[in-house]
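Quick heads-up: structures coming right below.
Next come two complexes, and both contain chain A; in the first it sits with chain B, in the second with chain C.
Moving on, here comes the complex of A and B:
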């Protein structure tokens, strides 16, 4: 086998051959301004008379707030106001919340604190320095309450409830069963089981969450922020602030990065808006790193699993049985949506019909969970792959063989999985074959044996094949409850294309889209494909909420698919108008015209044509040249709704189609483990993804690389640690270890393209895939490297100390 | 003398000027939103005499700003709240590396990165050239100073470890003159040192490594550039029969101060260079490990790691010696 093997005969033909812009490597149109330091991030904004906020954070995990003495702070010259939970109680409604209404949350703790780092009081002052001075002299009296840090103990009778109104620390419990799991396990020749813990980590953008709020004209409060899907959910912020939604204007500000961490991160803009309302002055609140790590509501999944999987002696999966307890922390802003992501790809890429998924969500004295690349699907992938690996070892099957035997085959799509979600298309064997070929698996298997024999080194090879769901539908937020509080079914995206009188293109997006991703590259590439103009010539802007059409923004790997649909829809309308104007001017039938490379021409007679500038001139300034009844101007908008979503069954035996645009990936890692230091180093790593039609291989490669790097962080380095006393131990980058260029190997990336039958151009989302595979493959490789010591990764992150302990225990027992 | 001292107010543009100094420069920050240390007075003397006088006047209320790699985060997180910060970056007298016979004196203000590239250091103090690349990242080393690292006295830091292994001497200066403190007694507790409140660390003197001696520095950290979970610096001399004739082993990151692994040194002295012998002897260092569990390492892991880095560093230094060391 060679290292240069191209897609096997099973791979589909490259479907982008007919496109001029889509599918070719292009530099990002966002880069020029970012590379010269003109990103215009939130902290770069200058506002006349701006005040600055600093926050006193709770030093205790669970306590009643008896009193807050603000008098010393208010004596400091330059301190304008000190606000506490009492102000929130008096003047606000609880923050937006997709969890149970009995778990209410305010941006400043009301009556009691529930985790270390929760906001207790906010000082607003003429500068951040003075605000911090004010924080230093606040005097708060707490009465400690019994603390709850262990999620299992949190659910024991007698555990102190975090939310008295909710009654217990069990935030949610439900068991979903599809097929017959008892029979599946009874019929299995082999049942593997495992006890697993996925620890907390989080997306960690260089730029924290921040907002500036300014009282504007006509009583409109203007909020600039780098978080939130504001055109989707702005009215919920207005509701919390008790102001009419048309008196709150939210303007998106580009974020340096999010990785999910700023997805619907509502507390920072809500709080900042509240401060501006109460002081009547413009106020800035930009989290510092301590604020961000402790309190940005972006901590991700923290799950404890008892998992079982049945197999026939031939390695065919019979069923999957999951009990999962998720430590959600002190609040539940997204409900249990992170498990909806797991249910969307419950069976992975494998063909089996029986599954049980029992979920309990616990409340503990920790920061609440938020969104992070994968949104909980990556955890389920890891559990699945752990079980499949274990079965392969016990059955004596090669890891690629057991997977191949169970793959859903290309001809079986669209494939409805147990639980109801649909997989649109795929070619899993092609992805696996491409990865095996790229890494030359047989070479590494020989090399592994040779290095062990001749040099005493421990090399491990890991293989993981996992799903990469994309394009979420909001129906996933409401199948959890028989009577959902928030039964929405829309999650659209919009675009407005304007051709100005000179023929130049303006493209307006209607959501908070610039999160360190490539929204403008994608949108302008699609526009370029439609009109034949260069992407770099298109100017992109973002609507504020006073103008925005429906838009949901990035999240659930939806944006590329959805914005492509929106831009294409608007393009179709605008192209029709251009052609109608040209038909009228050229006195030919519109049916005889086509738009090619920026001009409208007669089919078969391209010398009879009109350029876009000429047509634009007519549209704006020569109404008498337009077809009768046509409005002047050249602007069209389109709102693109989710391409394929269905309602859940009333009895929830079928959850409906909510995440059908299904990508797939195979990663193979070769790494070396030092058994005496526990350190790992990569010798090779390939990552092959199928995200449907690739819009831009360069930017998709960036997504895979960044996601895989973050997956590596969650696997080996990053951990948000609370000790048994509820103290937070990871509040700086001294202790929260984000992998750097030194730790991240050069991922070799391959693409397989199986177009989606349901999306424009056949695109699938690919923004999260890297992180949805790395934990599985690295765990597998570590186990393989140290198999002689009985290494078996059951907890992430797996730390050097864990590895050395396993090795030392094995040595002691020999 | 104080005429050259600049007084700046760190916080409030246009604040009333302190009256004790002659010249006032108001510090106007363009990144005022991003920085948030508590209020302090800022002095930046041009001469060592001025620096010493300021330190003597303000004592424990003053902290020295050299490279700022530890002090600035502490200020911004308000873990340190000095009333005065004395910036010694303008004191060029402290930025020299000089050799006097068998001693190399390194000024406190010398940047750590200079030790990686300076030919004199590479030849005369090869252990330093090997240890310094483990300090943080290159950006930290371009700014961080030798004196700053010693004064910060972090037991997991590389330079304090090299000082202890090398029997270096730390030079302190107060208003009554200079005194010299051996590294072994300079580091006297967790993040503390023998420098009095009215003194500055002004230099460190390393004995030149003998010709033919081998050196090695082995470190394990969670990530490249992180604080050492355990590190070992070794200077070894080996005779023609392949036996250790001199051995100095220092260990960082395992106790409240950088250690000498004297048990290991004594056990190996006179013994042949043999991996199994070295590995067995290195285990004696485990008893000296007192750092308890933290989120990066368990105590048991750190003990094993200490023995591992000592074993590997001793073997590497011996191999280096057999290959002629730095000569």
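Moving on, here comes the complex of A and C:
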């Protein structure tokens, strides 16, 4: 098996100079409908005879369910049914699961509950109001079990097991070592170490997850939902429901934000489908905010690190040694894929060859973990940058200098990192230089000293340089296991372009795509570039699973790259057909024709041309005008596979290429901290990103900004808290603090473009944006502002009380 | 042993007939007294631009204008709106091909991504421009801070409000 093969598929043509549509700030084609309030979200759908569901959620963290008395609920006029885990056990298989099969999950708890908020019973009624009345009068008796909320305690002998069949609360354990970490540390002049905790937050979109399921014609169950992006995972939902896959039709519905929280969020559509099957009637279930906060399909990373990094006296990194314990909560739907993401950029933008990564995944009485913008790689970025900052301080190097010394240089790409992933291209010094130039770092360093001296203010400057991997390959989900059950290697995206008989364009996408990103803007921009028609004139639709070609949807900053490949591939096929029809009609060779601005013309003689409407007319209505053997119609599809992925080695000494389209970013923040209150405020902030060829700078800037705001939330404000008794303490937006316009500063955005050699147009992903960087740069700036008090951020979020405590302790010791 | 609390099955189904003015049109409906204003607007009047993000008065996605002032429609009962005048974003323009200048400003500045907080932000924008409270970026940030946006990081919304102020050119701006 080779792990360094050259890409043989999808190698793009070299970018041509100058695009007409790509690379300019264009208005989004999604926006007009959203601006008049017609986003067509799941809760906006009206269906005749629709019933509504509400859920009783567990008030206890770990308990056997002894009995559920539904009699009072069923007496309420309008209550149609009450379903419990007993119904799931009798009529369902466990839900889709990419973790160990010994950790099974149902959409309603079976036999016992494992965290506060898990579904215990579902009331289906004629309105949501009546369903909630029904929930209020359910009587449930629980026998409490010993609980575990601390992941370290969960792994100790004698800890109460969450899943008896699994044996212990150690869901998974594995250590990878690449190079020689012992030698790297022994040879280092300086070894820095740190104990770090990244706290639990979540994507927390303004719209929750929801689904409507309706028994349709011919025994087909129709499910409309705003989650579950993989059209190719539909068969797993059918499997859980015990129905044939062709009797389950899932239709994607636009979502009001996801940020990972709706990425393969299977509970809501699976449960709603089950309710419709059991009642034989259309049913809607839309989470309310309490449902979503405590029992969304997943919260995000909750990790405890012991991390070490070796350096020479010149500041060159010799190796990285990570021990990470991840508090995964009660289930493990995604396996440990969030750590696969960390391994894809294990060494960050830096050139060193020795690394060890030891992972333990613990089960505790909390909601399970899953995707949130960064998918776990943003956590690794933070750990890496914490260690580099510490070394810079100890070695007396400026933060930009220690980074610059270790950068992989532009001429070294493609660069294969320890572990096997490959970085396609980059220009890290250019990104750093642009950021330093935008913020005028020397000015702020002088200001910092002056304001401390003259006004007693505490200003900190933070710098972080990080990777933003994009376009995942599905091998990262299973290379953890020596004998994976389903070692999938596909992660495709598809597009279908139809020119209708009047010459107008229809573009169909084959995945759950509109989550607040700009899938239609990107896809129509690429189509426009190919055909020379205005993007706004193209109509976009989304296939349901009875029709869908292979599609994987947004996730891991893949969609722009992948849909561009799919649309361009379909465009090439359709352009060839247009040219062949024109060649036949004009009686010239196809080689002498080109498609320019929506018409096929003779090269050098543009007056001899046929417009797309004329060619479409021939294609649909004048078969005798078509070249012999050509089929009528104008429709082509293309499925674009991952542009560059290789298999892991059997012994996992090399994990293969699985995330090669490598973006990069540098953020610099100037932050003021009040040592007496712990309040922080930004004086300036620049964010420079390299996402390869930029399709729409304004849209990418929006993603960088939105991601940075979320990163700020994870750094300073947002925390999903369970107390020692397992009670959930963050059940409203008054407890879980999403940053408002008062907390988020203006970010000044810059772009550097280093095209990918492997993707169409050289595009790289950029959707996860600022959240990959903000936690690092804000932690760094807080430390810098309060260096005189020995401030050292080791836990996120950093709360004002943490800052004040550090300052007070330092003052008490003086 | 833990048990869930058992309450008596007393379901409130009392109804009232209310008359109010919505987007310039008088409407009269019979509603259950416990129906929230947000649910009434969405379910009875099909004004699905009123989005429910939290239903406990924090996110602001259900913001409407009541007698010209922004309120959270999830915290009011429909019967409390009797005799009042309500505007939703449809009152600016419900035609995707003929946007109101404020909606157009949001499109130009990309002051939205998923669109879920957008109708609330557009209405708040209209209100603060009319009240003369959109003079600086800082002031705009303060005035929109009662509505959560999870996508944009707010800067493009601030830009959209400023753009809209310029478009309206003092015709509507000013206290």
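The rule is short, and it goes like this: the second predicted complex is superposed on the first by the 796 of 814 C-alpha atoms of A that agree within 3 Å, B and C clash if a C-alpha of one lies under 4 Å from a C-alpha of the other, contacts with A are read in each partner's own complex, and residues count from 1 in each chain.
What we mean here is this: a contact is a pair of C-beta atoms (placed from the backbone, for glycine too) under 8 Å apart; a residue touches a chain by one contact, two chains touch by 3 or more.
Fair warning: this is a prediction, and the values are worked out from it, not measured in the lab.
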Which of chain B and chain C A:155 touches, first, second, both or neither: neither
First, second, both or neither for A:720, with chain B first and chain C second: neither
Touching partner for A:43 - first (chain B), second (chain C), both, neither: both
Residue contacts on chain A - larger count, chain B or chain C: C
Partner chain in contact with A:307 - chain B first, chain C second, else both or neither: neither
Touching partner for A:133 - first (chain B), second (chain C), both, neither: both
Which of chain B and chain C A:732 touches, first, second, both or neither: both
Which superposed partner A:142 touches (first chain B, second chain C, both, neither): second
First (chain B), second (chain C), both or neither touched by A:361: neither
Partner chain in contact with A:746 - chain B first, chain C second, else both or neither: second
Common ground on chain A, meaning residues reached by chain C in one complex and by chain B in the other: 43, 129-130, 133, 136, 288, 732, 734, 740, 742
Touching residues on chain A, where the partner in the complex is chain B: 43, 52, 54, 127-130, 132-133, 136, 284, 286, 288, 290, 676-679, 717, 719, 721, 729-730, 732, 734-735, 737, 739-740, 742-743, 799-801, 804-805, 808
Interface residues, chain A side, partner chain C - complex: 27-28, 30-39, 41, 43-44, 56, 59-60, 63, 66, 72-73, 75-77, 129-130, 133, 136-144, 203-208, 255-257, 259, 288-289, 515-518, 698-699, 702-703, 705-710, 732-734, 738, 740-742, 744, 746-747, 770
Interface residues, chain B side, partner chain A - complex: 11-12, 32-39, 73, 77-78, 220, 222-227, 229, 295-298, 300-301, 304-305, 308
Residue ranges of chain C touching chain A (in the complex, touch as defined): 1-4, 6-9, 11, 32, 34-35, 42, 47-56, 58-59, 61, 88-90, 93-97, 99, 103, 106-108, 110, 112-119, 122, 137, 140-142, 144-146, 148-158
